[in-house]
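You will see two complexes here that share chain A, one where it goes with chain B and one where it goes with chain C.
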Partner chain A sequence: MQYYLSVLTIGGINVILILGLTLLTSYTGLFSMGNVGFMMVGAYCSAALNVEFGVPFIPSLLISGVISMLLGLLIGWPTVRRKLKGDHFAVALLGFASAIKVLICNIEIGDFDGAMGIKNVPKLTNWYVVLIVGAVITFLLWNFVHSAYGRNCRAVREQEVAAQTMGINVSRTKLLSLLINAFTTAIGGGLFAFYTTIVVPTMFTQNQSSNHLIAVVFGGINSITGPVLSSFVLAILPELLRVISTWRLVIYGVLIVVIMLVKPEGLLGYKELNFRWVKPALAKARALLKKNKLPGNDGGKA
Partner chain B sequence: MSFILQQLITGLSIGGIYALIAVGYALIYSVFDFSNFSFGCVMMVSGFVCYYSMQILNVSLAMAIALSIAASIVVSLLTELVAYRPLRKMGTDRLFLMITGMGIDLAVANTATILLGANARKIDVSELNLEGSVALGSVFLTKLDVFALILAFIILAALYVFIYRTKSGLGIRGSAYDVSIAGLMGVNVNRVSFIIFFISGITAGFAGILCGMKYAVIPTLGSTPALKAFIASVVGGLGSLPGAVVGGLILGVLETLTSGFVSSVYRDLISYGVLIIAMMFLPHGLLGRSHTDKL
Partner chain C sequence: MEEKKIILETRKLTVRFGGLTAVNSVSMSVPEGSITGIIGPNGAGKTTLFNMITAAVEPSSGQVIYNGASILGLGPDEIARIGISRTFQNIRVCSRMTALENVIISIQRVPPYSVFAAMLGLPSVKRKDREAREQALGYLKMLGIGSYANSLASEMPYGQQRRLEIARAIATRPKLLLLDEPAAGMNNEECRELTGLIRELREKLDLTVVLIEHHMEVVMRLCDNIYVLNLGSLLREGKPSQIQSDAEVIKAYLGEKRRRN
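Up next, the complex of A and B:
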């Protein structure tokens, strides 16, 4: 039982990590290759606050989220103001993540050594904490997306000039998405730190950034349940399929290419997971079983 | 003084490698408007083929280089034919093309890690007398650096001649301006895409071999240089070939000067930081065209 709960926890942490990226990439159309920077900030800050200063669990997560938001503002304000988009924005965030990594590795304040990391972080992340935090963030994100703010983001994604003509403040919308992304990724990073009880710089690689981005696009654009499901499954895949766990990343890569070729919007692109398809499908199945009673087959007879 | 010169020339040599990869990014972006993130695996394949052809097939170094270039061309063309062309026909968004590139990179790099192991291998370059260093006055350079510099410039010069002086190059330049109009004017866009991926396969292959000779041949050989070259090509101006070369050289020189004079620890921070700040003030890169939104 403990094993299944820990698998659930890992999957849940991964979901929280990509929820912010979902807002940024699939709803606002800015793709970020530097998310691992925010994750690192969240992990280090919450671990340091808890271990060095004795701040309790949830407040340390929230404070590290706010710190990450401030850093997001630092990089976001100039990039969004200068109207960097697409690849330029990705490169700016990439550089930002590398900068964060170098800075953290080289902080040596007192006996806090960034490169050596933080050890003995209490293991406070349980499955129910992850579940509750994940549910809260998903609920908030759902409401955001289905509100005017969400429509602004989608407008900015589709056609920026038209959005600006309609009176949407494009810079503010983009900045808002970036800040929310920074906040949730930092919370995910903090939960990750409290789960693995140790925080070292080598745990945060550029590959993780790419993997998160791939998980979001793979799950589906313009959908929340898509990336949630896909990142959950992809996180617990090595546990589910131990037999091919060495080939996991290769299969992942091949799967991405195949899905992109077959259905480029992602698995659940533009759709949310719902069960409205069940009733009509059942009705169709029932009708197929009684073949001669299909509508239209009577030739107009009553 | 000689130290500065030494760092400068070493920086130019590394910058030459970045410029080779960045030119590939620029070529593909100029025509198709997306960045091909699978250069990492092309470089890795060429490095591995060079090493294994010398180990297993016992061929000379020159032959090994030729074989690995052929391998990298094959990988590059395969990504184009299998992944990008069908997606372009479907008219998908750029983001999906980039994600596909990332997926291919992930799959190939991890296949190599699983099948061939992740230990570092060394390419034996003693055949062409490339071991050791050479002295130009009071400046000491490794022979490998000089070789990389000369090779990079030869390839870039050949590329210049091809693109600006031949008919196929004219087709590429026309497609770089606008793909649809070039197609209407009779340029065979499929052939142009074939040529572009062929060329970027060659340049990435050479970059992979040079990196493999300079450092070690490992499955993640290509990831870091490809990322740095991406930054270089974006800063130099997306889609602009001279910009990519300039960006790559500047990044190489900046890196080497920083690690020589400031500290090799802060090398990434300072080089990326300077480039990104440069990008803030020149949003379209150093030599990029300013693209106004087509309404």
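Up next, the complex of A and C:
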């Protein structure tokens, strides 16, 4: 039982880590290869605040979120104002993440050494914390995405020039998405820190940024449930595929390539997961069974 | 006849792209409430002229004056917010959004509620969204595409997408509407419909219209005033009857593109 709960927790943390990225990349169309930068800021800040300054769990998460937003503003303002997009924006964010890592590794204030990391972080993250935080963030983002702000993000993604010509402040829209991404990813980083109980630079790799991006693209554009599902599955897949552990990465890679070939708009594409397909599917099944009345059968499923 | 107020004026507007002078010292003035046409061969600089008015392109020299004030230096979104809207030659609707959403964008380009209110899904947010949806539906119906409200823009026939483009542009509640080849690809029947539609929009919404067009029936029937551009420079300016019979214009443009009526 404990094992399954911990798998659930890890999966949940992963979902929280990519929710902001879904907004930035899926909805606003800005590919970020630097998500791990915000995660690292969240992890280090919340851990430091808690261990060094005794800031309680939730406040330390929130404060680290704000700090992450400020850093997001620092990288966001020039990149967005200079109209960086596509590959350029992705690389700029990649640079940002690298810069954050270097910065943290080289901080030595008092007896805090970034490279040595932070130990003895209390294990305060468990499955229900993750569930609650995840649900709250999903709720807030869902509303955001279905509001005028979300529509403006999509307009910027679809037709940036036309959107601007109709009066949308494109810079502000992009910046808002980036800041929300910074905040929620930092929260995810914080939850991660309070789960692994230690925070060291080697835990934050460029690979993770790629994994986050893959989960988002895999899950589908214009969808929140898509990336939620896919990131959860992709996070726990290594555990599930443990039995074929030597082939794990191969299967992982093949899955991604297949999805990109077969359904490039992502697993769920533009749709949200819902159960509206159940009724018509059942009706169809009933009709089919009625048609093929077999002898001895009273016709139709009960 | 009383002097009509000039809503838009360009003074010696020029833009150079490297060695090419795309628009050469073009001066024009558009009276409020009028329908002005801009015609000329392809490559004459017509769309570039529009682009300079909407700040998509920065002029090399000259002025653009709107309601008596210079609008050079304003960003495209600011220009939209002071009442200038446009359609694009190659339509730029948001394909992966519904027709309704495409129009709502123009209405809620500055969201009427805070980010926090939006995230919490407050009733006021829902109410404002509902109002915007109703307004948007109104604009779609005005353009005769109300039935496509919940269809993705990419699923709409080309002609209806053109109408969507116009609906989106008028939903910004402009005082000046720039139409870039609205009749492109239309047959005579559709052109007649469009002519009626533009006149109707001008009346209903109290607009001033400037349009770039190649279909001469549309231009001659609609426009109060016509400017003829050729190779970036202003060739002629005048009333439709004058332009139609002008030798220079016929030589440069009309003569080559005789449409069978």
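One rule holds for everything that comes next: the second predicted complex is superposed on the first by the 290 of 302 C-alpha atoms of A that agree within 3 Å, B and C clash if a C-alpha of one lies under 4 Å from a C-alpha of the other, contacts with A are read in each partner's own complex, and residues count from 1 in each chain.
One rule holds for everything that comes next: a contact is a pair of C-beta atoms (placed from the backbone, for glycine too) under 8 Å apart; a residue touches a chain by one contact, two chains touch by 3 or more.
Keep in mind that this is a model prediction, so the values were computed, not measured.
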Contacts for A:Met260 in the overlay, against chain B (first) and chain C (second): which applies, first, second, both or neither?
first
According to the stated criteria, A:Leu140 is in contact with first (chain B), second (chain C), both, or neither; which is it?
second
Of the two partner chains, chain B (first) and chain C (second), which one does A:Ile104 touch, if any: first, second, both, or neither?
neither
Report for A:Asn152: first if it touches chain B alone, second if chain C alone, otherwise both or neither.
second
Which holds for A:Val161: it touches chain B only (first), chain C only (second), both, or neither?
both
Have a look at where A:Thr246 lands relative to chain B and chain C in the superposition and call it first, second, both or neither.
first
Is it chain B or chain C that touches the larger share of residues in chain A?
B
For A:Leu71, is the partner it touches chain B (first), chain C (second), both, or none of the two (neither)?
neither
Touch check for A:Met39: first (chain B), second (chain C), both, or neither?
neither
For A:Leu176, using the defined touch cut-off, is the partner it touches chain B, chain C, both, or neither? Pick first, second, both or neither.
second
With the touch criterion stated at the top, can you tell me which chain A residues are shared between the chain B interface and the chain C interface?
161
Where on chain A is chain B touching in the complex?
25, 29, 31, 78-79, 82-84, 86-88, 91-92, 94-96, 98-99, 101-103, 105-106, 160-161, 206-207, 210-211, 213-214, 217-218, 246-247, 249-250, 252-257, 260-261, 264-265
In the complex, chain C touches chain A at residues 54, 56, 75-77, 80-81, 85-86, 88, 92-97, 101, 104-106, 108-113, 115, 118-121, 125, 128-129, 132, 168-169, 172
Help me check something: in the complex, which residues belonging to chain B touch chain A?
29, 35, 82-83, 86-87, 90, 92-96, 98-100, 102-108, 110-111, 114, 223, 227, 230-231, 234-235, 238, 265-266, 268-269, 272-273, 275-276, 279-280, 283, 285, 293, 295
Taking the touch rule as given, give the residues of chain A at its contact with chain C in the complex, in rising order.
139-141, 143-144, 147-152, 154-155, 158-159, 161-170, 176, 221-222, 270
